[in-house]
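What follows is a pair of complexes built around chain A, which joins chain B in one and chain C in the other.
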Partner chain A sequence: MSLTETSVPAVAWKQYRFKTKIYAANLITLLAAQLLGLLLSLRGVGFSGYSTETVTYQITYISGDIIVVITLIWAFVVGYNLAGNSFKQDFVFVSNRLSSHFSNIAYLLTSAVIAGVTASLGGILLRVLVLLAYGGQNHFGLFIPPLDLAGGIFAAILYALLVSAGGYLFGMLVQLSRAFIVLVPGLLIGALYMEVKTTGQARLLLDAINFFVQESSYFLFFVKVFLAVVLGFALVIFFSQRMEVRK
Partner chain B sequence: MRSLYLPVVLFILLLIVLLIAAGFKTWTGRVRLSFRRVWQVTGVYLALLLASLAVFYALAASGKAETLPVPKVPGEGGENEYDRILGDYYDALFEGRIEEYQGAELLGKWDFNYPGRRLLVRTAEERPYYGIIAVEEKAADDGRVEAKYYTVSLGGGDLFPVNPPEVKLAGEVLEIALPQRKEFMTLCFCQDFTSAQFTGKGLANIGNYHIYYGDHQVLYLKIPRGLEIDTDASTEHSVTFIER
Partner chain C sequence: MRAAVECSGLTKAFGSTVAIDNLSFKLPANKITGLIGRNGAGKTTLLKLIAGYLAPTGGSVKVFSENPFNNVRVSANLIFVDDKMTMPQSLNLGEILEAVGGFYENWDHRLARGLLEYFNLNPRQHHYNLSKGMKSTFNMIVGIAARCPLTIFDEPTVGMDAAVRKDFYRALLKDFLQHPRTVFFSSHLLNEISEILDDILLLDQGRCRLYMTKDAVKEFAVGLQGKEEAVAAIAGGSEIFYRKKLGPENLYLVVPNRFSEEELLAARRKGVEVSAVPAEDLCVYLTAKHKGGIDDVFDRN
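Now for the complex of A and B:
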């Protein structure tokens, strides 16, 4: 019997603060990943051209999409690794699985905010660097209205949260059984392959992606991501109840 | 078979993710960075990003005007703004209204005294001419050949400059001297997919612009009444006569 009384939120808060310190190196990997994306985008993410008898036009497309995509891969990896490592560290505290999950969710939310903000601002840094590098080159589409930028940051945060929740769920499944590390990608790719072979299109994946990426309303996008993330975390809590105390 | 690329791409992506995950886990497991040092580095990075934000809005505000070319806007019946502009431009041309039409950009103007009865129109060095040579016969024989060179105005003239030819009269030959080819490079800044999704530009907004400004060029000739126009191999498919 302990003389100190505690609560789940209090323990979760302590664990969260602890995790922000021990996983601080994640920020450096995020920075490295975004700089890699920046480097890959500097010379353009697409090209098109047109030629007549007297002129040749070359148009170079500049976008921060690669930075965002690499950031999302980072978010997935962070979620996946957190599911694998955190329980080992959480037993340092007097805690239960619920407090551990809450602290992990809070950590993923913090990571998603940092990732979303820096990824979107990374796109701005890219524009500035390209402008400075190409000097007086003709250009168009440079200006981004501040509200559009804010909307992009908001969406990038939600995407990062969604993807990291996916990584967390996948990581938890792998903690349940190592077989999932092969089963999940195998089933996903196998199902897609079979669908493409039979119907000629990977509708399942496309529909799943389009469910989020074709949503043009901020509110509905938020609701969709929120529900998907809640579902993912609920599944994680459900699955983790079946785990042994410590693996 | 193109649809099979998606599972392959997905597989490669998953492979990259797993590789990164493995390397990442090893790296973060081995390397111990002090919390303070990490925040210092992150702080510098954030300061850089915020500084770039300030520089960006300073540059974007004081920079060149954002003359956007006509985007491909899918509309009903597959028509779009670009098609409408082109339709109006060619209607004005073939109805003999090009000189008054606001959507035509005048690139060159020449005026020649020519008392002859026949005129050969050709290019210098027999380079093929792919534009239109529109010929309008004037009501009177005033002994003057007027030449004007037009292109359609799509609002992207500064971004996609045209390289118009020179027109010369040498004896009984009206020569179109095509210039040496010029190369122009333009940067198109596209919004990230995270914001393009909400702005109506579509998820993949890259490439949603027409850049075919080099096309749709017209040499418009107003000739004295009764003047016969001859062509050679370089222009024989280009001449069209305008009936008012």
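Now for the complex of A and C:
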């Protein structure tokens, strides 16, 4: 029987298509989670009110943040689970470590795009629902300029990618050694605790979050996320090169 | 002939346990070789090293002249079938066959569907709902239909009933004859599989105890049975693979078959029965720690 010639990109592409098929249920979970987020958002995220003898008013703050947060949690779980399953599943059929990672990265990218778009659209749906529910005359701020919407979607996609890459990195560390399951959260919380105890505030974590969140330029935000994600994947690829399968 | 698998000085240790110990052999292409050995002999470890799942501690393993570890070219030409194959939970059996077929260039989908039907597996069932034997049957179907130049079966018949096992051996042999490939097949049931085997590799404590054609294994040893003195006289100082007392006077010995026709004839005249030793028994004797078998344990008391 003659040997089959193949290459890493060719195999990675097959694996990517395989994964979109076998992990299709992830999308249903995403939609269910976002629906839940939508319902929770309808109650509003904050209230304030004022009342006198003659006038009573109440302000309800409604925002799509819950949908985004839930979507990001989903992205983390997808990344983490993918890291846990992929070597076990991939090496049953044709794979090497690199092709497995490439197909996973492509899958996470696809997931991030879907998550980012649906989360943003979920926010719009929320506005419409609020309008229908509460009515009102002045639809101030209901309309989102297309460019702003595109920017929001773009940012949401990058956040989802960043978080799912984090989940993937964490999941792969756990695959390397079970100890990381305790070690990573332990170190994070430990470092935070020490910092808060000595300086009174958690600058490290806030700085890390602000590094991404407070970036006002879409381009620079993209560059930051891109570099962080590339660094994460490079780490994973590097330390999993000698990792054994199905010990 | 070009070797499909070549091991030289291959060693694999898990901590202080040496599973594969300085093993060297060449597996010829396009033959069915049986990997035989006791529990814990290192069969699965050896197969996983060949499949590139594990990295050797020492020595080297080559599959189609390349290192199989982390090698996508070797992976594309190899399938490893056992009862622990992870199959996607979200797909049913029919969908799994569709999806898996995409990975293998020589995949025969008609054969896969045909075998699925023959073995009464419903394509709409899910893998995790199958019984042990049905799981093995399904994995075996994937293994055969993939038509990989190197097909590895690690105890593929776990849980299969006798009828299914028989059909499986026949299916494998039929497809092998039409599409010859290298098959490396580990099993405890040497009697059952010996019909489809060309060669036998006997592994004992991570080392190669015996590696020869099936026919040579049949000729390898001979059983002598008769009065103790007569049997001992014929055996002389040769290595004894197995020894069993039969009643107060009689003895059964298994020794290497280095006798000429005349010697065997003379032995028969002295009342010593000369018999062939079935391959499976021989493999048990060769890998036994006690030359008298389990009886040793009881005779000591």
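One rule holds in what follows: the second predicted complex is superposed on the first by the 234 of 247 C-alpha atoms of A that agree within 3 Å, B and C clash if a C-alpha of one lies under 4 Å from a C-alpha of the other, contacts with A are read in each partner's own complex, and residues count from 1 in each chain.
Note that in this section contacts are C-beta pairs under 8 Å (C-beta built on N, C-alpha and C of every residue); 3 or more make two chains touch, one makes a residue touch a chain.
Just so it is clear, the structure is predicted and the values come from calculations on it, not from any experiment.
Colleague: Considering only the touch criterion stated at the top, classify A:Ser216 as touching first (chain B), second (chain C), both, or neither.
Modeller: Once the two structures are laid over each other on A, A:Ser216 reaches chain B alone.
Colleague: Is it chain B or chain C that touches the larger share of residues in chain A?
Modeller: Comparing chain B with chain C, the partner touching more chain A residues is B.
Colleague: In the overlay, answer first, second, both or neither for which of chain B and chain C A:Lys21 touches.
Modeller: Both partners.
Colleague: Where does A:Gly151 make contact in the superposed view: on chain B (first), on chain C (second), on both, or on neither?
Modeller: first
Colleague: After lining up the shared chain so the two structures overlap, which partner does A:Leu231 touch, if you call chain B first and chain C second: first, second, both or neither?
Modeller: neither
Colleague: Just to be sure I read the superposition right, which of the two partners does A:Thr29 touch: chain B = first, chain C = second, or both, or neither?
Modeller: A:Thr29: touches chain B, not chain C.
Colleague: For A:Leu125, select first, second, both or neither according to whether it touches chain B, chain C, the two together, or no partner.
Modeller: Once the two structures are laid over each other on A, A:Leu125 reaches chain B alone.
Colleague: With both complexes superposed on chain A, which partner does A:Asn96 reach: first (chain B), second (chain C), both or neither?
Modeller: second
Colleague: Could you tell me if A:Tyr57 is touching chain B, chain C, both of them or neither one (first, second, both, neither)?
Modeller: In the superposition, A:Tyr57 touches chain B alone.
Colleague: On the A-aligned overlay, A:Ile73 touches which partner chain: chain B = first, chain C = second, or both, or neither?
Modeller: First partner only, chain B.
Colleague: Which parts of chain A are in contact with chain B and also with chain C?
Modeller: Shared contact residues on chain A: 21, 23-25.
Colleague: For chain A, which residues count as touching chain C in their complex?
Modeller: So the residues of chain A touching chain C come out as 1-8, 11, 14, 17-18, 21-25, 85, 88-89, 91-99, 241-242, 244-247.
Colleague: Going by the contact rule at the top, pick out the chain C residues touching chain A in the complex.
Modeller: Chain C reaches chain A through residues 30, 48, 52-55, 64, 70-73, 75-77, 79-80, 84-91, 95, 99-100, 102-106, 147, 149, 179-181.
Colleague: In the complex formed with chain B, which residues of chain A make contact?
Modeller: Result: residues 21, 23-29, 31, 44-46, 48, 50-65, 67-68, 73-74, 76-77, 80-81, 84, 118-125, 127-131, 134, 137-144, 146, 148-149, 151-153, 155-156, 159, 185, 188-189, 192-193, 196, 200-202, 205-206, 213-218, 221 of chain A touch chain B.
Colleague: Write out the stretch or stretches of chain B touching chain A in their complex.
Modeller: Listed in rising order, the residues of chain B that touch chain A are 3-4, 6-7, 10-11, 13-14, 16-17, 20-21, 24-25, 27-28, 31-33, 35, 38-39, 41-42, 45-46, 48-50, 52-53, 55-57, 59-61, 63-64, 66-69, 127-130, 156, 158-165, 178-195, 197-200, 203, 206-207, 209, 211-215.
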